[in-house]
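Each of the next two complexes has chain A plus one other chain: chain B in the first, chain C in the second.
Presenting the complex of A and B:
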């Protein structure tokens, strides 16, 4: 029974971490702009996040170390400080975008003013996190996020041309804008492999008290969770391509993305989609706010974790409260949540190597890992993805400038 | 302390410190190494706190350390009982002057209902 509950970590990481506002935006926009042409990017991103999540989950289970412990040990103080600052900036941007997403979905459900709903959401999160255990947080948001599966139902019901969908898994371009195409490839990979997912996943393993015997559970979590997330990404792209492509509609509002479901499934489908998005971006808000606090605490060596309770880890508790307030300040300025998301995803790509290199190094350290160190498969895939991440990190900002953040 | 002992000393740099109760109480921010020319260098103490960051990363480290209150604590090498993925200490954090930031905030955080849940 515990094993089944244990899987919730993977599901939360998948729904709240994998399918967050970044995936909603990039997958639907990719479908609306390029049809099925970019389907092939999704499995690449999914395998990448599975490989690195499995690795850092295994490190957490065997050594009790989370990602930022490893970053500081392995890349040296200076580079780690740089990684800390950049990850905190990107985390805060992402958190602000997710909070904006929460407020937008609450507005769709209630019709109340946006800024009041931001305040309501932040106070709500502060209270929920303060009184709820880690296990219940992840179960609540993970299972609520399963409403997102309505996108998969919609994708099938829309009756896409499955031959064309299948061809999308073979990389090709039929449109004459290769720069925009490349920008979307980077964005989709970035949204799939966002660094906060591994920060949250590894620290979550420590929160759950994983031991070496839980390595099988870790593997199952990573594989099942992210495959589910990947399926939802494919569904979002199919919905984007079928409903929006050719109608000149760019889904620049979360409500528009939900409407993609309303078309084939009616009012109930639309409601489920909005509730699913609410739980997914809500879960991602919790992932990002915790990631920010985990990273700072691990860099400084403070006591951390929801399992220590606010009393046992006061600086950790104050850090996530402060991050919530700062993110609230950002969304309150009225900045567009979808635009903020695009910037957060692209900047996070630049920070990827400093997160993934230390994971690979620690997972190979026989002194900590003993017989649980990386095997050939994990190392082979780890190295391939490292090269890919380097290329992606170097091209992200130039592509963003060249395409005016995907506007042309 | 032999050459290999110095290696152990260098290995603990940037590692997590745990007190006797398993409480996380800082990272090893720097090392105090003694030994003149011709002598074998020895690690005599662990240096803990943002106040030592300037020695690690120049002005950026000093700035970050200043933001982080600039505290400095010296922990004698004899306090170390075990080194695995963390550095284990013989005494509790409060006695060693570690984890003071958490101790200072705790009375305020405790006043909020549900802080122990």
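Presenting the complex of A and C:
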């Protein structure tokens, strides 16, 4: 029974972590712009996040330490500080975008004023995090986010040309605006491999008290959870290609994504889509706010964790509260959540090496990991993805400038 | 995915207040090379979202596509309202977001400096965007009226040349 509950961590990571506002925006926009041509990027991103999350979870299970703890200990102060600063900046941008997304979906459900809903969301999150245990947080948002499966139903109901969908899995370079195509490739990979996901995942493993005997559970979590997230990403892209490309619509708002489900599935489908987005984006808000607090606490050597009462880890509690307030301040300025998401994803791509290089080093350190260190497969895949990560990190900003941030 | 003109900030729904980007403070110390490179990179990224200045053919093409896209999205929304496939809150809020965006674009196209050779086309596109905004206002005001929605769908489909 515990193992089944343990899988909830994977589901939360998948819905609230893999499918966040970045995935919603980039997958739907990619479908609306290039049809099924970019389907091949999603499996690459999914395998990447599985490989590195599995390493993080294994490090947590073997050492009882989350990634940042291990990074601080093994790669030294300067490198860890670089990783900390970059991850905190990206985390804050992402958190602000997710909070904006929560307020938008609440507005689509209630019609209440946007700014009041931002405040409501922040207070709501603060109360929920304060009074709810880690287990209930993951179950609540994880299972609520399963409403996102309505996108998979819509994708099938829309009856796409499956031959074209299948051809989309074959990597190729398009002749039609290759620069914009490359920008979307970078964005889709960045959205799939966002750094906060692995930080949250490994800290979550420590919160759950994983031991070496749980390495199998860790592997199942990473594979099942992220595969589910990847399936939803594919569904989002199919909906984007079938509904929006077909109608000549370039989606620019979170509500537009839900509209793609309303057409084939009606009012119930639309409501499920909005609720699913709310839970996915809400879950991701919790992931990001915790991730930011985990990283700082682990870097500074503070007490941390949701299993402790806030009084037992006061600096950790203050950090996540401050992050929530800062993110609220950003969204309250009137910044567009979708545009902020695009910037957050591209900046996270730039920060990817600072996250993933130390993880590979620590997971491969036999002195630290003993017999649970990386095997040949994990090392091989880790190295391949490291090269890929370096390439996308170097090209992200130039492509953003060249494409006018995806405008042309 | 098309961003708004200089589009990190934009008026949000009913509480529409746009916020400008403040300039980064400058110090008297000579910045290290890495710092300067970082500042340049940040500016490059911020500028990436901007297409202000004179409207040229490329900008007109982009803005025309944006107007058509908004019209088609409005038509799809109206289609769903007409067939009872949406909720009143969703229809009202989504119509409002599109209305504000099209109204802003209409203002921008009416006022921005334009190449003389395409000025008439730019102003015509501004009128299209204003018409789009007015039509979406009807949907916003009657988010559950199927008759209004049918009429709005027809007008927007025509305006956006939607398929």
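Methods note: the second predicted complex is superposed on the first by the 402 of 408 C-alpha atoms of A that agree within 3 Å, B and C clash if a C-alpha of one lies under 4 Å from a C-alpha of the other, contacts with A are read in each partner's own complex, and residues count from 1 in each chain.
Note that in this section a contact is a pair of C-beta atoms (placed from the backbone, for glycine too) under 8 Å apart; a residue touches a chain by one contact, two chains touch by 3 or more.
Just so it is clear, the model here is predicted, and its values are computed rather than measured.
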Residues of chain A touched, compared between chain B and chain C (which is higher): C
Which superposed partner A:368 touches (first chain B, second chain C, both, neither): first
Which superposed partner A:314 touches (first chain B, second chain C, both, neither): first
Which superposed partner A:245 touches (first chain B, second chain C, both, neither): neither
Partner chain in contact with A:342 - chain B first, chain C second, else both or neither: second
Those residues of chain A which chain B touches in one complex and chain C touches in the other: none
Chain B contact footprint on chain A (complex, rising order): 63-65, 69, 72-73, 76-78, 80-81, 130-131, 133, 299-304, 309-311, 313-315, 317-318, 368
Complex contacts: residues of chain A adjacent to chain C: 25-26, 29, 32-33, 107-111, 113-115, 243, 246-253, 255-256, 258-259, 262-263, 266-267, 270-271, 274, 333-336, 339-340, 342-343, 346, 397, 400-401, 403-408
Partner chain A, residues of chain B touching it in the complex: 14-17, 23-27, 29, 48, 50, 53, 56-57, 60-61, 64, 68, 84-86, 99, 101-102, 105-106, 108-110, 112, 114-117
Contact footprint of chain A on chain C as seen in their complex: 1-4, 7-19, 41, 44-45, 47-49, 51, 58, 62, 65-66, 68-69, 72-73, 75-77, 79-80, 84-90, 92-94, 97-98, 101, 160-163
